[in-house]
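First the structure, which I've put down as structure tokens, then a few questions once you've had a look.
The first chain written gets the first letter, and so on, giving A, B, C and D; residue counts start at 1 in each chain.
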Amino acid sequence: MKRPIDRDRLKNIRLLALDVDGVLTDGTIRLDGAGGESKVFSVQDGSALKRASAAGVEIVWISGRTSPAVAARAKELGVTAVYQGVEEKTGVLDKILAGKGLSWKQAAAVGDDLNDLAVMRKCGWSAAPSQAHPAVAAAADYVTGTPGGGGAVREVVDLILEARGRALS
Amino acid sequence: MKRPIDRDRLKNIRLLALDVDGVLTDGTIRLDGAGGESKVFSVQDGSALKRASAAGVEIVWISGRTSPAVAARAKELGVTAVYQGVEEKTGVLDKILAGKGLSWKQAAAVGDDLNDLAVMRKCGWSAAPSQAHPAVAAAADYVTGTPGGGGAVREVVDLILEARGRALS
Amino acid sequence: MKRPIDRDRLKNIRLLALDVDGVLTDGTIRLDGAGGESKVFSVQDGSALKRASAAGVEIVWISGRTSPAVAARAKELGVTAVYQGVEEKTGVLDKILAGKGLSWKQAAAVGDDLNDLAVMRKCGWSAAPSQAHPAVAAAADYVTGTPGGGGAVREVVDLILEARGRALS
Amino acid sequence: MKRPIDRDRLKNIRLLALDVDGVLTDGTIRLDGAGGESKVFSVQDGSALKRASAAGVEIVWISGRTSPAVAARAKELGVTAVYQGVEEKTGVLDKILAGKGLSWKQAAAVGDDLNDLAVMRKCGWSAAPSQAHPAVAAAADYVTGTPGGGGAVREVVDLILEARGRALS
């Protein structure tokens, strides 16, 4: 949170790779007795992702789990690059970047748990939400002031857009 | 939160325009696997809105999204002026005010995200909940101590009624 | 929270009257798109209410609203005195006390909103959860360190049982 | 939280006995109007339990209540030793330990309420989540910085694995 922000690296970001549980959601698994699962997303994160897309930043969601609620939220926001049930996130993102002619330095990643570390270390810039596993927070370039599902993605998007000189308002 | 409260401007307020997600709710999008969406409102906000109506303050809800849970909550509280799926909030509120013979100075607005800024700047007084986007909090006349869906509307209603010299209890 | 605890008055308590929304629950109204409403209770509150009953303290729930989830939770805990949809709480509690041969001094009340003030002022002792309306917190004999639905009732029960010299463990 | 950690005792732990409500969940009872109950678990707790199993630590869930959501979450995580509706937790764990040829010193327990105290006192090491009943927190060897359902189990697993010299990464 208090770490200096490396605007030079942020300026190069063309793709934002987001873990889902604990980054786009609050990291809870909410199960009802009938086997259904619900997810908690943030409205502010959603409007931030629309700003990012409008500014030309590609958005990718990569989750180790699979949930129809995630697909529903992605559809509502117009996010088409959604990869669920991914065990090896680095390989998936490597192919995505190659397909778009982008380098790892042009990608930023946000993750909260140990299985996100490999992707975060390869990306040009990385962030962790406030409730991330301590080892992930320690490895990230930035720790947001808000938790996953509570504004963490909004904070990251604002940093990327501000590094490009975009005014908010 | 620590900003001085301008009671002279608050005294003139006859209409309170509320954003829904992040103001009347906690700003979360809760999706289940079957496509349903639930919303989290505050009981204290509800009783405060009844006090405001009883004191002659008109209540208007304006949301950029659309959800049946919002309509259900408005019906329970007797709020009839509910506008959902509104892209351009300023135009909608302009017509509402004209229809009631009220000026923008007689309206107060509460919003939490960048798309609320235009309405908030035109109103006679504005507030943001504690979890608002920093640019919205900076532009607001007042930042509540509680978040949306957790008492923010209750705080605003109490300020308006107190400026009119209404005792609580 | 930091107020001195009047153990002499607490020792006389034979009946605990609890508001529901914001006291036994977290004060949220959770609505889904199909018209259903869910409530958030605390497990620790539940086990505390069983301890109170076992120690001979009568438990009464009085709510201004009506929800089947409240009836379901009361049934699970074995609480039979549940009054929902009550507009005038003082009158209801007056009859309950008379029927049991108890005085108002032998009753404690927990409430979080302005419509709880009348009952709280008549009871021998009163408490407000941490997120109560400021005017209710100011009027209460005690403000819990936890919010409604998050342990506030557990705190109150422990105070009553401790005043009687009951050890926990 | 600030108590010194006894790594010698932690090194011996071969079995981790977890209370469910308030330890694996956030301690809330969430009821809908149709009689359904949902539970809130943590994704980080889930991945930690997989790490513990992979390292040879046996995982046991013991709950005084019964909920199909608990069975569903256990199944997703591959936890097979799940005991629900248990009134006398000590006796159940005693049989489990005997069946595996383990002593109480080789077991750790995490609990949040008074009915967990007996098991916690018999185990070689015990922890309480941040929102535990004060008497339980006082009796525990360790109080986590996070609440139940919000990372408490993750913290405990990391302590056990670190005492064995396992690096996270």
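The rule we apply is simple: a contact is a pair of C-beta atoms (placed from the backbone, for glycine too) under 8 Å apart; a residue touches a chain by one contact, two chains touch by 3 or more.
This one's a predicted model, so the numbers in the text were calculated from it and none came from an experiment.
K.L.:
Work out the mean Cα position per chain and let me know which chain is farthest from subunit D.
P.N.:
Between subunit D and every other chain, the largest centroid distance is to B.
K.L.:
Quick check on subunit A against subunit D: do more than half of the interface residue numbers occur in both copies, making it same, or fewer, making it different?
P.N.:
Counting which numbers both chains contribute, under half are shared, so the two copies meet through different residues.
K.L.:
If subunit B and subunit C share one sequence, what is the angle of the rotation that overlays their CA atoms, in steps of 5 degrees?
P.N.:
Resulting rotation angle: about 90 degrees.
K.L.:
Centroid of subunit A to centroid of subunit B, CA atoms only: how many Å?
P.N.:
30
K.L.:
Where the CA atoms of subunit A average out and where those of subunit C average out, how many Å apart are those spots?
P.N.:
Computed value for the inter-centroid distance: 43 Å.
K.L.:
Give me the residue numbers in subunit D that touch at least two other chains, ranges are fine.
P.N.:
Only 32, 38 qualify.
K.L.:
In graph terms, nodes being chains and edges touches, is this line, ring, star, complete or other?
P.N.:
Topology of touching chains reads as a ring, each chain with two neighbours.
K.L.:
Identify every two-chain combination in which the chains touch.
P.N.:
Between chains, contact exists in these pairs: A-B, A-D, B-C, C-D.
K.L.:
Across the complex, what residues on subunit C touch subunit B?
P.N.:
Answer in residue numbers: 21-22, 27-35, 38, 65, 112-115, 117, 131, 133, 135, 139.
K.L.:
If you look only at subunit D, which of its residues touch subunit A in the complex?
P.N.:
26, 32, 36-44, 46-47, 51, 67-69, 72-73, 146, 149-151, 154, 168-169
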